[in-house]
Structures are given as structure tokens and as C-alpha cells.
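Quick one: this structure, given as C-alpha cells, is what I'll be asking you about.
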Amino acid sequence: MISFESDYIAGAHLEVIARLAETNLECVPGYGEDSYCASAREKIRAAVGIPDADVEFLVGGTQTNAIVISTMLADHEGVIAAKTGHVSTHEAGAIEYTGHKVLELEQQDGKIDPGALRAYVGGFYADENHEHMVFPGMVYISYPTECGTLYSKNELMEIADICHEYGMRFFIDGARLGYGLMSRQADVTLQELAQICDVFYIGGTKMGALCGEAVVFTKGNKPAHFMNSIKKRGALLAKGRLLGVQFDALFTDDLYFRIGKYAIDMAERMKMLFADKGLEMYIDSPTNQQFIVLDDERMDLLKDKIRFSFWEKLDENHTVIRFVTSWSTTEEDMQALEEALGVI
Amino acid sequence: MISFESDYIAGAHLEVIARLAETNLECVPGYGEDSYCASAREKIRAAVGIPDADVEFLVGGTQTNAIVISTMLADHEGVIAAKTGHVSTHEAGAIEYTGHKVLELEQQDGKIDPGALRAYVGGFYADENHEHMVFPGMVYISYPTECGTLYSKNELMEIADICHEYGMRFFIDGARLGYGLMSRQADVTLQELAQICDVFYIGGTKMGALCGEAVVFTKGNKPAHFMNSIKKRGALLAKGRLLGVQFDALFTDDLYFRIGKYAIDMAERMKMLFADKGLEMYIDSPTNQQFIVLDDERMDLLKDKIRFSFWEKLDENHTVIRFVTSWSTTEEDMQALEEALGVI
Amino acid sequence: MISFESDYIAGAHLEVIARLAETNLECVPGYGEDSYCASAREKIRAAVGIPDADVEFLVGGTQTNAIVISTMLADHEGVIAAKTGHVSTHEAGAIEYTGHKVLELEQQDGKIDPGALRAYVGGFYADENHEHMVFPGMVYISYPTECGTLYSKNELMEIADICHEYGMRFFIDGARLGYGLMSRQADVTLQELAQICDVFYIGGTKMGALCGEAVVFTKGNKPAHFMNSIKKRGALLAKGRLLGVQFDALFTDDLYFRIGKYAIDMAERMKMLFADKGLEMYIDSPTNQQFIVLDDERMDLLKDKIRFSFWEKLDENHTVIRFVTSWSTTEEDMQALEEALGVI
Amino acid sequence: MISFESDYIAGAHLEVIARLAETNLECVPGYGEDSYCASAREKIRAAVGIPDADVEFLVGGTQTNAIVISTMLADHEGVIAAKTGHVSTHEAGAIEYTGHKVLELEQQDGKIDPGALRAYVGGFYADENHEHMVFPGMVYISYPTECGTLYSKNELMEIADICHEYGMRFFIDGARLGYGLMSRQADVTLQELAQICDVFYIGGTKMGALCGEAVVFTKGNKPAHFMNSIKKRGALLAKGRLLGVQFDALFTDDLYFRIGKYAIDMAERMKMLFADKGLEMYIDSPTNQQFIVLDDERMDLLKDKIRFSFWEKLDENHTVIRFVTSWSTTEEDMQALEEALGVI
């Protein structure tokens, strides 16, 4: 059945899988010390505009979040995140497993409000008992957020200011970074984003790779012996090439951005289909995830035609469902969606 | 200076320190295998009315919470607590340090609403993505709460029902248990409370001991090799007698309850002093902690006369402050308070 | 340069990479719920001869060890392993990171002696202080070992007996399982091995996959909510198909065993080359890893011709080096080795 | 029955318990911010001869080891200890619980040989795979050791040199420090020991306190936000005075050293009793723990007369048993021992 369930339903983008096949029999050193990883690192440094950025490849998003957060926090620190942040709710407690608390803030459409952030951190230090509490050591946001929304450049800079004022690191989860940067609403470039934050990752899994995320430390701040910490957390790939080759392909001929743009174009068409049908949008998302509200009867009808994903129960009779486009969305998919919408 | 800062400003109740002195030179086995621990266990079993309850002594409250929670949760589970719960905010992340998430619920005067609890847990299982989330494995409440309030017997029973319906354990933090049970508003006895929950602890530190908390497993549910888990967490006292002797004294001649009643009587007198003075109560607390709102100018005046503790900033000009009574509160203290209030 | 550095220098076996390419554009559910994972599970169950075995796919070896060990041990337990075991020395403390101790036993050529194991565990329970010590909860061995050696069927059965006598689980790390089973010295089949132990994993990374290990729980003993525990440890792949497709290929037409046999044949030829040259073997290994002792001068000469890996300094002038064959070893490689040996 | 089971069979030294009783009703701030803790810190700084040393009080030995080690190690580091070190075998895995490996070295009479230490660390860095291994970040020794033996000043200095050469911290567990320093064989003073190591603790529990250990950071190297880390590990006492008062007493009028000397004198008399009886000493211990070898028949006879502790089974018919003196050993105890020895 045609599926809009997620942006990880297909394998790898054709240019990525082709590179894996082409380079397959070459013999290279393990653990990320091969020439493909080196080349990918170089291309990413160029793309982010920071010649001495440290770039490290990891396998998946939750793993990356747990490793970045746990190696960059001090013992007495936790990480601030939106209640809807991936680290707060959908990682099975992976951050807490590393011994650090996620300090959850109220959110709006998946975003932390800089004002609320400032109030929280200011309040923390004003509290005379704060030595008995978890110190805020990092701010985690997703770009785009889990709700498909985007922070403006101003918001990002304001968050960065607060972080630096209070000695916190600023970490951006870019699991879907390309879909954010290529959004028509985005007002920040990859290079600007890299400058603003302290560390971020360029998502591969949801952007055309079989697996893989590229962490970028932008301020000469990679934790000492980071490879050892990766190994200690069971995340070091023997065949590091698997990640190097893929990211090398993604950052060749702007593939990463082409993938982003393509999915955004599909998402905009999808929005029009929903609008034409008069469906209620749950969130006004400018990226590749679109959320609509359906009464459960119509949802069940639609479920027979096409795959999408459950987001949340809105009330007794209504459900929020999610449709996701990606590099793998086809014309055929779009037509099937249009037809499916026709019968509900 | 006279102090109402907390219920742990003095040493031990005289009957407790006397027993420590009397038994001091006796030679006994270590690690809680002495006759005083045995006797204290027996007296506690009798007091809670469960002849085969397992009773274990630990040193402090945060330690007890972390040990009980981490040994009773499965790997995939976290603990539900009020946002204001001690485990949520004032334990420096001790629960997360054990690898488990605290699932924070909104609260009212420090209490979880059973309806909100049911909605949360029901919503969890209704969420199709819950396999990627932290499972609710335990409900933690404090009796009395950190805000001095009490759950009614009906509320406790409703929480217990929800726990058992969803396979969660019900844990009651009784750091100030005696002050709760002896409150004039309490409608539950120690024996009833023990029956309702799965595990709770009888606080010693704030109830007249130098240190020590007695964990009671009420349903034959003490984790296997619990002593080893205590040791592994650095919490096993070589001289376990220190805890045994103290709890033996606290449960001799109803001392634990006499201490509770005395402090409640003092707190009721304090409430009247505040009422006479027309001060705004922040929370209507029926236990030994009393919270008032003062403008900062008057607060500063009061600070010169008497010690209390900061609770929170209410707004720019007002602060919530806390006064605590205990077994160690004296007539002289009460008079000093009355005089101090006279000058503001 | 021609390399015998390890069995993870090349990409994937051609039959594996071909399947990845063929299935690439198909859209399937994430997180291991796709049909390829299902098919691979079925084929593995058939191959191990246990129709209701639980099979789970993970990404790498250290990750697999850490997850299996930490989810199968109780709080008070640790895992017994040889001092040279991968978990003891080459995983950067990944097991300890989960809060469990590796109880290291003396070894001989990488193997634990069943008699020494029995003495250790018996001694543990005879020690009157053992309640203060880490309980032995599991025995970890590798088949083949890190030194290339093999346990006999009798040794495996003896270890299993000791495990079951003392309530320990028996876990076999099969990172190179196929190279062990296809050794001319192996006297145990995959099905027998599966019956003997409680849990083991079938290594993919070193046996022709880009990544991936298949854990097999053989006794209905998969930990509850195992997927959640995988997620919590950052090890759940969004595109689980990456593992499913590969293992499906590895267990089609006996590919896994063909790969094993081929590498063993190459290793036997290599042994003859070394013997012809009169080189000293460090260990008599019947599998795909071969260890020789060279004086440092000759080692440096060889290093200019061919790649191998450092094993350990034997004394001031001699070094143990390792040569590894695999499915990717070619005729050309063997000739290059012969030539290289000619000049030292 | 008269007992030589351990040095923690009695309560507190009379001068200690007296101070607890005298100061009992005084109201002081919690969490170690009282004047007794301040005074005890000052006296300890004077005694160790480092005016700006940081002194922190903790409750027990295993707790202290776990906190010091886990807060002073970096993520990629472990701690080196003798196989017989308390952290290696008798803490139920408390160090591993913090996520760090104990790197166990062979020992002789409980001591690490500086030469073996240098070989181990040198070998680690010479191993080309060491980036995949746990880095040695600290050396842990006990003074006196668990076997009652002592390092010479030269040995301590040699270990310190190796530590500083390789960037490791040097930590001395002084659970029985006073019994070591007052040994007739000791050639190091408290002040010298403090200068030599980076951090150590002055044991209270086994030296006359009800509980308590005083950690001394000697080089301005106390981890940042150490109190928060203590709280996070459940080790912060609300009534910190309990520790402050006791250490204040122990460091008043040289009580700590008087206690040490007294126990050593008793131990020397005990050694003579054993010698007169012609008993085989298992280790030649110059401190308050004495180990003898008995055939099991005589051991059983002795067990009827007097308490001692099991150390280890030597062979089928012989057992090593331990006798411990302390501040609480009496003349009556010594006579009872002499009589008991008379009948075997």
C-alpha cells in the first residue's frame, strides 16, 4: 500500500546506494579511519563553513542525542528540552539511562519560547535551593521540531544568547535538518545555524541514508577521547565506511539539499490537497511532516486506502494523523493520496 | 538565633540519643544483623500491622527514594511523580542517575489528582507509539507532601486502584510520615496506609533520629538480594546498629506518634499566630510545615529576628517562606516567633 | 595495499549488497517490523533448529554484548568472562557502563577452563562474605575466541552444566560464529550450540554484512519489553530493514556457511605459507585469525608489503601480529602474501 | 561473646558519643553547613598540613570510594586497584554501578607493586588498540590494605610519580588510616601522605565514629559542584552535624591518633599470644588486623569461645581467620582471647 507513514520507509537515495555498491569491494581501515569518512568530513566542514569543525558519524538519532548530551554535560547538569522534544518523550528514557535528567519545558507547536527559557533558567539560579537541583547545562531543540515547525533565525540567536549567558551549551537535533533548511519558511542557512549553536547533527537516516547521523562540533568543543566514549556506548561501527560513503554521497553535488527541496515541494502539494478538501490542519507545518485532524470514521476509511501515522487522540471522536514526504515520495504516491482523499 | 528553618535542625530526640548512649559499648554484628535492628523491625511490623512485612533501614531520604525506585522498576519503566515531588526537583537528579525517568505530572498543592493520573496512564497505553516511550511502572507520592498537604484515604485508595489496574507499584515517601499521620486532618492510619500501598518508608531523619529511614515492603515484594543492591549503591552502613537502635527507640512507647502529635500541636499554634497577624497563607497545610506570603520588606525585617526558609519567589515583591515545627520546637521558640511577628 | 588486517575491511558480500540494492525502493515499516526482518528471523529459527527461538537484530558487537548482558543480569549480578574476552578488554568499558561488573577469569589461548570456572563459582558461594560481592549471573564466552581458538562440544556442555547448576545464564558471543562452525576442528553444529547455551549471537559484521548481529534467545528467555530496552540504549534502527535484508541474504542458500568455509580454506592455506617459511605461530588457531611471532626488524620489512594487525609486544624485540581471512580474501591477496613472505 | 570480628562492632568512642550528646539540642543549619563541620574541616586541614585542602564528609567507605572515583574520572577512564582492593571485590560492584571499570592488578599481601603498575600503564599506551580500551585514570590503594599491610613511603612516592607521569590521579582509601599511621612499621606521617597523593579519606567508621569518612582533596582538585554530585548519589546527610561533630571530636586532643595507637598496642599483644601458641600467621600484618591459619577442627573449637571473622578457605582442611583490634578492645577481651587460645 502507498505509504506516507514516515521519511524512513524506503532504503537509501539512489545516489547513496549506488556509492555503497561502487565502493563495496574496496578494502579500507575500520572504525571511521577510512578515506570516505575523511572525505565526508571535509565536505561537511565546507558545507557548514567552519574549516576546523569536528565531524563525527553515528548510526541513529536517539543514539546521537544520548552520546552528545551525556558527553557534553557535567555530572551535576541536565538538558533542557521541550516536553514534545524527541529526547523528552520518544527515546524510551535514553537520556536518563546516561544518568542525566531532561528538564522539560512547556512548548508551543513543538518549540521552546526563548522568553520561557530565560524565565526558567533565571528562576533556577534565583532559587536558594538550587544546589540540590539539577543544573541546566544544555538546551536541546530540534530543527525542524517533531511537529514540523521551525525556529526563526532570531529565535535561534536568542536561545544561543541565553545559553552563553548561563554557561549552557546549545544543541540542535537535525534528524530532519535538510527538510527544515529547504522549507520555504526557513530564514537560516546551514552555515548560520552552525555558527549559532555549539553542536548539532545532520540527520542522514531520514534524509536518504540507510542509517547515519553526522555530529558537528562547531566551537572546538568535541569532548576529549570522544571515540572511546562512542565505543563505551556501543555505538562505534567496525565498518565506519558505511557512514562515510553515505555522507560523502549526501554532500556531493548538493544531494542533501536537493533531497530536502524535493520533499518540501511534495509537502506543499500535499498541503494544497488537504486545503482543497477543506481538512483541518492540526499544526501549520512548513516542512515535510503534515498533521491533519480527522473524525475517526473518516480516518478509518482513509486507512483502507493509504498508510499514514497516528499522532495523537484529540478527543473521543477525533484523531490527529501525520503524513510525511521525503526523497522517496513519488508522483504515483501523490496521485494515490489525491484519490484516497476523494473517497472520504 | 531561634530557627524554624526545618525539622532537621536539632540532633536526636532525647529518648533516641539516650538509647544510643546506653547501647554504645555493646558489641554487635555489623550490616544490620544486630539485635537492635531485629527488634526495631519487629516493632515496626507490629505498628504497621503486617506480620510478614519486610523492613529495611537506610540512611537518608534521597538515598531511600533512589534505591526503592531503581530496584523495583523494570528496565523499561519510569516513576510517575508530581512536578513538585521531592524526586522530581530536589534530589539533584538522583533517580535519573539510576537510569530511570521521572514522569512528572501536574500537581495541586503538591498532590497528584487521581483523575489526572488515570488520564495520563490511560493515554500512555492508547498512544500507538508507546513502545518507544518510558512505561509508567510506579507512582510516587509523599505523605505529607512537600507542600505539607495530605491525601485523603479515598484518594490513596483510588491511586492504589489505578496502580494495580495498570501493573504499577505504589510507593509512598514518608519522610515526614509521623507529622502526616498525627495531623488533625489525617483520615488514614499507619496500618491502613501500609495496606493501601506496595512500599513506603517511615522517615526518621525529620522525626527525631540523627539519620535513618525505614523502608517497609508490604506485599512480600522486597527485591531479591536487596542488601546487595544497597551495598552496590554505597548505602550499607557498617554499623547498622546506628539505625536499629534509633528506630527501636522511635517505636518504643509510641515515641514516633508522640513526636508527630507534638509538632502538629505546635504547628496549629503557629497557624493561629499567623492568622492573628492577618498573614496570607500560601497553602492551607494541616501538617508541620506552614507557608506564608510576605512582601520582601517585611520578610527582611523578620529575617533579623528569626530563621525560616525560602520557598519561592511569588512575584517581584513577594516571597513565600516556610516555617517548620518538629519534636525540637520549644515554648521559647514559639514565644520568640510571636515577638518577632510583633515587629513586622 | 593488500590487507589482512581484519575481517571487516571490505563492504558486504556480493549476495548481501545485491539484496540491499534490489529491495532498496520498497516501502516497509520501520523498527524491524518489516517483512525482511520477519523472513530473516524465520530462516534463522530454522537454521538453529528452535522453532520458537526469539531473534533480534542489533547493529554491532559491543552494542550487542552490552544489551544482552545488561538486560539478562539482575541488579546484583555480573558476568564472568576470560581476561582476554572482548567484553573484558576491548569494549572501552561498555559493560561497566551499564552498571555491571565483568568478573575476569584467567584464560588459556582465549578460553575459560571449565574446571577453573567451577572453582571460581564454588569459591564465591563458599565465601562467607559473598553477599557483599558481585554475584556471578552469566558466563560469557566467544566462539571462536578472540585468539581464534574453539571450545569443544564437551567444554561447552560442561560450562552449560555449571551455569545451570548455579543459576547463571550462558551467553556465546558469535561475532565470528561462521568462521568457528566451519573450522575443520569444530565438533559442534549451529543447532547443537543453540541448544547448549541460553543466548548467543550470530555475527554479521565480520561475516559479510555491512553491519548487524542477530541475537538468538533459545529458551523462551527474551527479556520483557526488549525493544524498549534496545531503544533506551540508542540501538534501535529506524530502518530495521537494513539488518533484515542482510540477514535474510546471509541465511539464503547457506551463504553464512559458505562464507565461513571459504575463509577457513584461505586460513588453512595461510597457515601452510607460514609453516613453509618456518615462522613461529603464537597460537594454534583453527579459524580465520592467524597469529605469528616476528622479530621487529622482519615485521617492519613485512609492513612495507602488506597490511596486518598488531596483536601484542612479546618482548623487547618481538611482536605478535595477526592475519585475518574472510569472505573478501582473494587469490590475489594470497599471492601477495606469499610474495611478501618471500622477502623477509 | 567476646568478639574480635571487626573494628566496627562497638558504637562510638566515648569522647565522640559524649560530644554528640552534648551538642544534641543545639539548632544548626543542615547539609554540612554547620559550625561543627566547619570546625572539623579546620582541624583536619591543620592535621594534614594543607591549609587550603578541601574536606568533605561522607557516611561510609563504599559510598566514599564510589563518589570520589566517579567524580574524578573522565568518561573514558577507569581506576586501577589491587585484585584484593575493597573496590575490586567487596563493594558489590559499586564502582561499576557508576559506569567505570576497576582495572584489577595482581597484588602481594594486598599491595600493588609499583613496578607492576608501571608495566601495566606503559603496556596500555604501547598497545596500538588502546583507544578501544578503558584508560587508566586513577590508582586506588588502601592504607593500610585490606590485608593489614602497609606501603612504605618510598612505594607511595613511586606510585605517585607513575600517576603524575601518566596523568592519573592517586587516591588512598584510609578506612583504617589511623591504624596504619600508628603502626610501628609506618614510615610516613599524615602530612606526608597528604602531600604524596591527590585525594584520600580519613576513615571514621572503623576509627571510633558511628559512621563517617572525611575526604581530603589535597591539590585544589575538588570536583566542581561536588555537593550536588553527593546529593545525586543519595549521600548527602540532612543532619550533616552528625559527621561534623564526630570528626571534630576525633581531631580534638589527637583522639584519632590515640585510638590508632591503642589498637596497635593491642594488636601487638595479640601477635605475641599467637606466637607463643606457635600459630601460623597468614600475613605478617603490622596493623590492627591479624590473620592466622587454623585447621578446621581447631577453628571450630575456637569458634565456641570467641568471635572472629572468616577470611578465606586455604585448602580442604585449613581456613584463614581474622582477628581485629580497635579502640573498643578491652583488657577483658585480651584475657578471653588468651584463655580461648589455651583450649585449642
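Order of writing sets the labels: A, B, C and D. Residues in every chain begin at 1.
To be clear about the criterion, contacts are C-beta pairs under 8 Å (C-beta built on N, C-alpha and C of every residue); 3 or more make two chains touch, one makes a residue touch a chain.
This is a predicted model, so every value here is computed, not measured.
Comparing the centres of all chains, each the average of its CA atoms, the largest separation from chain A belongs to D. Two chain pairs, A-D and C-D, are weighed by contacting C-beta pairs, with C-D ahead. Rounded to a whole number, the gap between the C-alpha centres of chain C and chain D is 41 angstrom.
Taking each chain's centre as the mean of its C-alpha atoms, chain A lies 33 Å from chain C. Measuring from the averaged C-alpha position of chain A to that of chain D gives a distance of 50 Å. In chain C, the residues that reach two or more other chains under the touch definition are 76, 91-93, 97, 99, 132, 228-229, 231-232, 236.
Touching chain A in their complex are the following residues of chain D: 70-71, 74-76, 99, 131-132, 135, 223-225, 227-229, 231-232, 236.
If you check the complex, the residues on chain B that touch chain A are 76, 78, 89-93, 96-97, 99-102, 104, 123, 126-129, 132-134, 310, 312-313. Those residues of chain B lying in contact with chain D across their complex are 2-3, 5-6, 8-12, 14, 17, 20-21, 23-30, 59-67, 91-94, 97, 205-206, 210-211, 228-229, 231-239, 241-242, 328.
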